[in-house]
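Here subunit A shows up in two complexes: once beside subunit B, once beside subunit C.
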Partner chain A sequence: MKFGIGNVRLPNVKPPSMLRDRSMPKLLVMIGLGWLSLFFIIPVIVLLFESFNFGDGALLDNYRQALSGTYVRTLGRTLAYAFVTTVVCLILGYWISYYIAFKAEHKTLMLAFVLLPLWIAIIIRYFGVSLFFLPTGPVQQLFGTDFGILFSTTGTIIGLTSALLPFATLPIYNALQSIDEEYIHASQVLGATPLKTLRTVIFPLSLSGIIAGALFVYILAAGSFLAPAILGGPGDFMMANIIEQSFSYSIPLAAALSVVFTVALLILIGIFNHYANISEVLSDL
Partner chain B sequence: MSRLSGRLAFFPAILLVYAILLIPIVIVIATSFTVQSAPTLPTDGVSLEWYAELFQNQRLLDAMVVSTIVASATAVVAGIIGTITAFGFVRSEFKMKETLATIMLLPLMISPVITGVAFLRFGGYLQIPRGYPQIILAHSILALPFVFLIVRSRLLTFDERLEDASMIMGANRLETTFNVTIPVIAPAMIAGMLIAFVISFGEFTATQFLVTPSTTTVPIIIFNQIQTGLSPEISALATTLVVIMVIVSILGDWIGS
Partner chain C sequence: MLEVKNLTKYYGDLLAVDDVSFRIEEGKFATLLGPSGCGKSTTLHAIAGLIDASSGSVHLRGKDVSDVPPYERNIGLVFQHSALFPHMTVEENLRYGLKMQGFDGDHEAQIEKYLEMVQMLDHADHKPDELSGGQQRRISFARALVYEPDILLLDEPLTGLDRVLREDMRNEIRAIQQEVDVTTLHVTHDQSEALSMSDDVIVMSEGKKEQAGAPAELYDEPATEFVAEFLGQSTKFQGQLAETSSPVVQTESTEIHVGDDTDSSQVDPDDVSVYVRPEEIDVHQAARTNGNINVFTGSISHIEYLGHRAELEVDLDDGTTVTAFSRTSQELAVGDDVTVQFDPDEVIVL
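Right, the complex of A and B next:
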């Protein structure tokens, strides 16, 4: 390599070997992907094989069962609960993020309290929600009723919202925070009402945060085992609970249910990806 | 719209968000100090009897030791692998880099129930010993995406030219590694390890398939106790867990900054 500035020749500096050696980082990437493949991707593929029936009967027997009445209803319920949780988390997350980003005086402190629960095991937070509504908890002590919330669909959704709200708030806040205030100012100077500024300037510019938040909350909510197990009733079981339950008596069925659930989620994510480029959103994290 | 009414519009959100996020944690901590035999709010006195009970329960103490061993080992394994991978991704350009980075996040997207079931079956085929080896390996997978994301975002701010500068100034490769590269990577890696510790320490869903009677972790005990009957002892145990996790997270913040 020769450097030249006008007619002044610089000495021919040979870069040290580490800088020339560009294969080392690729090797490191391969170690990570190798670990992930060996202990995650291959086990999942093994599970995929176990979902097929190689013995007597049809190859797809387990799928016939996994796609029958109760299980399909559970799948529908799972996707619906995740959807409701996502909508609630996005509304609350946007509301509070907007306040913290544009109005709050103690931004760091308010944000810290949104993120604090992420450090505390999810099972403890669900336990806290159940304590709140139990006969010994403040709601029943005060009102004499839990308003039918505990061990119900509402209880499950409240639990999921409590657990996943930080995952919606963080990306939305980051998106709002990175909006150039000049745009907002320009919109106001040109006479837009605060609501119009929100609708035509702020909201479109924060869309990437909303997409990332929605994706996180939806995936984590759909895969939840603990929320229905601790806060839901018998009719609130989601896919994770059904998979765990069926695993104890039929591993092939549990495997087929896992495959059906994952494929359903992947299809939904694929549709979502059609409208919003997910890996672009994820690479912004 | 006046400034005050503009703020009032946010009051319900502030109240609701912090209530839904923080009440569950506060109530677990509060009920651990009750004098009653049920997990009630300590309105008629405060006692530490449930903590005394906790520290006499050998099963719980054993679980605490198991959880600490598992989480520490997970922190080391996931911390090292995650840092190595993040470093590789930041430092190289190759085809399908974004896709492969998304693949690193797969354990986040697949329900931990499926991860647990798949790992139990796979571990059986490969004859990975039950107990610690299986739990730690599975936890290392669950923690890997978080370590990867955190370390990668920190390394992205590291100017590679610092190394070039060091070597042009005459330091050799080893000196550069020790004096420039490691001091930059180490805090990122430690932050990643602490995340891995916290995730492992609180993991229940995949772990429930992998535990054995002698390697039962604390979240498993908490879940079983919730199912079988409520005692303020669960609150005391959960509060102890909260304290450990908060200490670890503060430590992580402090080292990371």
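Right, the complex of A and C next:
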């Protein structure tokens, strides 16, 4: 077989010797695996090891403490805040995506606005939100009250929602965008009002985007450290804050809290996966 | 039954449909035929209410529905790619229309009746993606008909099917349409589909209606050059009409006798097109001729063997290429010198 154009033969180029070497791909895989082991797998094993008590007292003493009183309440609060944030983000995200996908004229511009916040460091966005609700801020000036939003649960949720909204909007937009217009036309011709079309056709066909968005937002919100620290009150501490705090005086407790938190999240994702096939949804993205 | 009056649609500055009017009588099967981009789909979508016309009106059963939303028009529409809802089973797809239209009567019996009609009763519990392309089309017909709409619209419903299946489906669609006795408007770019299925054909080109009529009428008596060229094959001669003892069209190199009934007031005598259908042309071995009107000599440049007949291309001595059919029993070969002849009364003069 001759390669080339007409009678011109292309020179026989050999790949550099490094790439022809059969051991090369293996080496590259080793580097990746090595990196992953060194900075992820080994630390997790160390963490797990640290969380057990090998000194005086019972082996699971740290876990007993991590599962008691204030720590359990914090875990519950964390999961609840993440849930509320997810619900708010999904509602707002669906509304925005629906508008961009079906109504907006300048889709690219609108999408850029959705993505814009991601270019700004999260801490700056939280300070922005706090400035907004500060006694000298625009809300106070406009309404004569700050509604007690700053340093409260509401403040935390508002912060989380504003920071995580793009993670709900993008997958939902992607799902809405890929719905064939023929389905919407079919539904209308078959007698469905626009609202019924939304409920019976558009919504079910965008479920994969909703599931993906829910997953992203929930995991990111549950792990949030800055929102409760900057916008929440003393009673709004979430797991990340508690773990960070306890790290300074009891590494074993911090380790046990981390394990409890991670396991709790994994269980929740497992339950979620039982109702919605996550791997199928993620492969749609 | 359906009447479209002066329908016009602009997309920005682009004129997609230009003052189109036509009507379809109760129970008839009509086809909008034209090349892609001629405005036929836009017309269909305007009838369904899926796009707003720039001007003009659509009347269903005597009622102006121009401002009625699609979900209140009681129309059945079969889409190009079937558009069955992927998240519903076949049965649920049919039930959807019955529910949304608020159909009075036994929903289960309707579903069963229409699935039976398209021979898909065994597949009621399947999801659309478990069915073949042909099966999906059948279901989408059942879905469009199950709630007994006033009119059935077909938007190139056979697109993407293979040739054998298309031909089967044509007959089946026609049979179902007559069984249900539903007024139908079909949109297609496929002339053989249009001619074989329809009671009436409306030919469109560049947003305008060219001609409407029964298939045979359009084929035998096209009103415009576009219709003559778009429907079927033909050989075209151009020239000036001259009145001698009988009407003759003078081309650059020869003269063509045309029918005595040719009306010089209907055509521009200085620019006349003459079309001859291939089946009207007799091709003989050079030696044999039959009279001397419209007899030309040439040689065969191409033969396409089609089984039941052969399609011949004959290069005449003056350079014109003539397309003719011949029965394959005639022993003709490429390069043979032949005589070509046709009857003046069978030519189309425009």
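Please note the rule applied: the second predicted complex is superposed on the first by the 250 of 285 C-alpha atoms of A that agree within 3 Å, B and C clash if a C-alpha of one lies under 4 Å from a C-alpha of the other, contacts with A are read in each partner's own complex, and residues count from 1 in each chain.
As a working rule, a residue touches a chain if its C-beta (ideal position, glycine included) is under 8 Å from a C-beta of that chain, and two chains touch if they have at least 3 such contacts.
Computed from a prediction, not measured in an experiment: that's the story for all the values here.
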Contacts of A:201 with subunit B and subunit C, given as first, second, both or neither: second
Which of subunit B and subunit C A:233 touches, first, second, both or neither: neither
Contacts of A:183 with subunit B and subunit C, given as first, second, both or neither: second
Partner chain(s) touched by A:122 [first = subunit B, second = subunit C, both, neither]: first
First, second, both or neither for A:46, with subunit B first and subunit C second: first
When both partners are placed on the shared chain, which of subunit B and subunit C touches more of subunit A: B
Subunit A residues contacted in one complex by subunit B, in the other by subunit C: none
Of subunit A, residues touching subunit C in the complex: 180, 182-183, 185-193, 196, 200-201, 204-205
Interfacial residue positions of subunit C with respect to subunit A in the complex: 48-50, 69-77, 79-81, 83, 85-87, 96-97, 100-102, 143, 147
List of subunit A residues in touch with subunit B within their complex: 13, 15-19, 22, 24-33, 35-36, 39-44, 46-47, 50, 92, 95-96, 98-99, 103, 113-114, 116-117, 119-132, 134, 136-138, 141, 158, 161-162, 165-166, 169, 194, 219-220, 222-226, 229-230, 239-240, 243-244, 247, 251, 254-255, 258, 261-262, 265, 269, 278-280, 282-283, 285
Of all residues in subunit B, those that touch subunit A in their complex: 1, 6-7, 10, 13-14, 16-18, 20-28, 31, 36, 38-41, 81-82, 84-92, 94, 98-115, 117-119, 121-123, 125, 137-138, 140-141, 144, 148-149, 153, 163-164, 167-168, 172-173, 176-177, 198, 201-205, 208-209, 219, 222-223, 226, 230, 234-235, 238, 241-242, 245-246, 248-249
